[in-house]
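Here come two complexes built around chain A, the first alongside chain B, the second alongside chain C.
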Partner chain A sequence: MAAETMRLFGAGARMNAIRILRTRGQAIAHTLTDFIWHSGAMLAPILVAVRFGHIGSWPVAAVVFMLAYGAAVSSVLDALGDSPWNLSQRIGRGQLDHFLVQPQPLWRTLLTDGFTPFDFWPVLTLGVVLMGWSVGRLHVAVSPGWLGLLGVNLLASIAVKTAFLYAWGCLAFWAPRGAEEVSSAASSLIGEVSFPLDAVPRGLRVVLVSAVPSGLLSWLPARALLHVEGAGALDAWLTPLAAVALGACALVLFRLGLRRYRSTGSSRYSDSGHRRR
Partner chain B sequence: MVGEFATHPRSSDGIHHRLTRAAGLIPAHLATVRIAAFGPLSDGPWALSTVALRFVRVLILLAIWRTLIPQGTVVSGYGLGSILTYSLVAEVFAAQLNVRTPIATALWDGTIATRFMRPMPVATQYAAEMTGEWALPALLVSAPLLLLAPLLGVDPLPASPARLPLFLASLVLAVAIGLAIDMACTVLIVRIDLGPWVLDAARAVVQAICSGAWVPLALLPFHLGALFDWLPFASAASAPLRIYTGTGDPYRLIALQAAWVVVLVVAVRAAWSASRERVVLYGG
Partner chain C sequence: MATAVVELRGVHKSFRRRLRSATFTGLLRDLARPRRETVTALRGIDLTVGAGEMVAYAGPNGAGKSTTIKLLAGLLAPDAGTVRALGTDPVRDRVRYVGRIGVVFGQRTELWWDHPVSASFTWRKTVWRIPDDVYRRSLGFARELLGLDPFWHAAARELSLGQRMRADLALALVGEPEILFLDEPTIGLDVLVKQDVLEAIRMLNRERSMTVMITSHDMPDLEHLRARIVLLNEGSIAFDGSFDELRRRMGDRRRLVVETDSPAAPELPGARHLGSEGRRHEYAFDAMAQPIPRLLAAAAARARLVDVETHRAPIEDVIADLYRDWRGS
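Showing the complex of A and B:
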């Protein structure tokens, strides 16, 4: 099972490399674009932090760490393909059938579809380098335990965003037309947080780490890992806990939706093949 | 602005004929505005997600400024009151300060082909569509933000009553500059065969840093603001906000905006005229 999954990841990586080598100009343009997009989004908050020397209790290096952490999470998610972002479209347009007819479990198709590791390595590299730089500046005691916690939090942040997108995308099982674009709406809602949220009103902060967990994609893990003022002793485990809870919720919704899809199928196309509006 | 009727006048057309033709186009443009205004509603309640996002964005920014600029202090000409008003008004007029027409996407997905066949100039079709798309966000975000401003601890009024007409004049010029920049990007897409998202990335960075729509340019480090002030991106966003908040000389800012409008419109019209035959469509 694991070997087959790795084989499909390998096939995705190989096709990604072939595409880059065959369309070098466009591939370079796309890679640069992604790099500019992410680094540019980081630049404005960093410039503000540099101008004032801090943002609240966050020194400049801690702000850089938070943004770099967010960039690393985004780049890994991007490399894993479009499935979470397109789920509602695929369900709404009946394209889930294309996955269901494949001779492999659905989870493996969703996990490996669109794997493009070479498109996003510059942003991942940028994130890792900036995290290393800021950890050095902040004199964080880097131990194997701390690195393990960083890895667990990174995986948890990726899982949180994936689960959030899947949970919303599942709505299309029940409203294939009305909720066809809900995945892209959900992705815009959970956009990356550019500033530390400590100063944000408490009510909004609670929303941003629960219902719309943008704060779990960089702010809360970074605050816990760097022990920024206000961080609790157990905060480093909040994002992994949230990932488990949200993941379970998304899984239940997906299974319920899939059960319904199996009984109703796609109602999007008429018998003659035209899409219904 | 860059339409064919302006760029390719027929020699037999007199001024009267052209004016009559332009007047005849008004109902068509108004209809385009109306259709575009109601377009987002076809997506159902999901259109509201972007509305919520904008509220969250402005609340975060207001909270950040409160931590950075203590009450009673002035940083680079900005007191806490003026910076809060700046951020709020920037969000209220976000669409006008970051003008985007759908023309670049239409080039990419091929739908521009049908636009060339309509009896309307291509550029003004898209300008009308863009104007229509402003309606729903204005109703759901801009108006509520202005009404809720006192509850958020922000004074939504301009620095003085005399600044309001100057702000509106500056806003019109800002939209004109934004449209010219948008068309310049379209010309680039046509000439170097780029996907629209390639330029979108660069524009997003420029918008975040050089325009002053998000962070006032005077608050950037290393005196970057003094340099960015002279660029067209600042005239497209920062200028009206500075006039509104009383943090800039309105006449100097408007004069600079007018100069950029003239330069950009002339340059973009010439560039589009030289490039429109190169439009290649792949979409379907």
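Showing the complex of A and C:
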């Protein structure tokens, strides 16, 4: 099962390389613009932290760690392909049919479709390097246990965002045209946080780690892993826990929706219709 | 009949459709109390297709053609009845089943849009787990049959519609599928490309004994394939047989073109005047009810004939009459 999944990732990587490496100019421009775009987004909070020496109880290196963590999460998620971002479009436009005629389990097709590792390696590299730098500056005791917890949290943050996008994208099973763009709207909603959320009112903070879990994509895991002031002892397990809960919700919704899709198909008779290409 | 590879028994499929008003009050009423109607796409379809058969699946718009292809491609589940293909249930055994079939939807493409055509084939080899020797053999065959070499390295988005369809068909052939489902594969193609595609499909069936099930609105295309024709009407099979049988059942419909010395078309008993171009007048008639010699004698008695020709009515006219009959009934 894992070997087959890796084989499909390999096929996706090959297709990605073919697209990126069409011309030398294209390859350079593509890599550079992506890098500048993401590093530019990190710059403003870092400059604020440097100007004041800290943001709240977060020293500069901790702010850098949080932003680098967020960059790593989003780059891995981006590399994993289009499906979470475009699920509602795929359903609404009847493109799920293309997946269903492939002799692969649907989960594997969704996981590996549009795998683009060459698009996002610069941002991932930037994220990993900056995390390493900030951990060194903060004198964090890096043990195998801590690294394991970092890995679990990174995976959990990726899973949280994926599950959130899938849960919203599933709406398109019931309203194919009305909810065709809901995935991209949901991805705007759950954007990365640029500043630590400690100063945010408690009620809003609760929303940002539950209903719209932007806080779980970098702020809460970073605070827990770095033991920033205010972090609880068990906070490092909150994101994995949320990932399980949200993942279960998304899975249930997706299965219900898929059952409906099997019954209605991408037919022009279904409510609100499916756009025909 | 050869071993059955497709079996539909009592298949029903219907869809619920929401009715909408165009007025403001109607829209508000629909919000409060939505109105729905049921559209029945298939009503108790029974169909068996043997290995190596070529079946043309035709019918007017909304007859249920595409629904049947989707059921057979594992994309839809029937409301009632059973669908079996290659001895399996296409929905329950989807992963194994779709690896043994090829599907082409004429209005969609399986090609990677921004990639060279060749890349889509290597991708398919991986995803479909096609062994090297089968891939080499089937790719060589498909490339030659459909003439892909001139645009093999071009991006899919740069292809003309005809090239795209040839590439899509070739893609479906890689891996040597046991059944080929083609949903409107000639839609929008020019005459020459259409002929190439149809010839390729015919060759696949004739020389490779591939089972082919094809839907199209284009009756001359389907007749050209010399396929068994299954005609659907409002979700039921209205005719299942050969084109010759269909023509016999519909009568010996023919056309008579007479050129006279006058632009006025003579009235011929038992023949319907279709139109005139200058002094050439065209008529439709049923040669079983109105034998040709009698009709010619009537024409000669009413006008001075310069030239005469007669030929069978195009199959699309035969079918159009049939559809009109169905609508009338």
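Everything that follows uses one rule, which is that the second predicted complex is superposed on the first by the 266 of 277 C-alpha atoms of A that agree within 3 Å, B and C clash if a C-alpha of one lies under 4 Å from a C-alpha of the other, contacts with A are read in each partner's own complex, and residues count from 1 in each chain.
Convention: a residue touches a chain if its C-beta (ideal position, glycine included) is under 8 Å from a C-beta of that chain, and two chains touch if they have at least 3 such contacts.
Computed from a predicted model, the values in this text were never measured in an experiment.
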item	value
Touched partner set for A:Leu100, first chain B, second chain C, both or neither	second
First, second, both or neither for A:Leu217, with chain B first and chain C second	neither
Touching partner for A:Gly10 - first (chain B), second (chain C), both, neither	second
Dominant toucher of chain A (residue count), chain B or chain C	B
Partner chain in contact with A:Gly265 - chain B first, chain C second, else both or neither	second
First, second, both or neither for A:Arg51, with chain B first and chain C second	first
Footprint overlap on chain A, comparing chain B with chain C	none
Residues on chain A engaged by chain C in the complex (per definition of touch)	7-8, 10-11, 14-15, 18-19, 97-98, 100-105, 262-267, 269-272, 276-277
Of all residues in chain B, those that touch chain A in their complex	43-44, 46-47, 49-50, 52-53, 56, 59-61, 63-64, 66-68, 194-195, 197-198, 201-202, 204-205, 208-209, 214-215, 219-221, 224
Chain A residues within the chain B interface of the complex	26, 29-30, 33-34, 36-37, 39-41, 43-44, 47-48, 50-52, 55-56, 178-179, 181-182, 185-186, 188-189, 191, 193-195, 197-201, 204, 208, 212
Chain C to chain A touching residues, read off their complex	15-18, 39, 41, 67, 70, 73-77, 79, 91, 94-99, 103, 105, 107-108, 110, 112, 114-116, 119, 122-123, 126-129
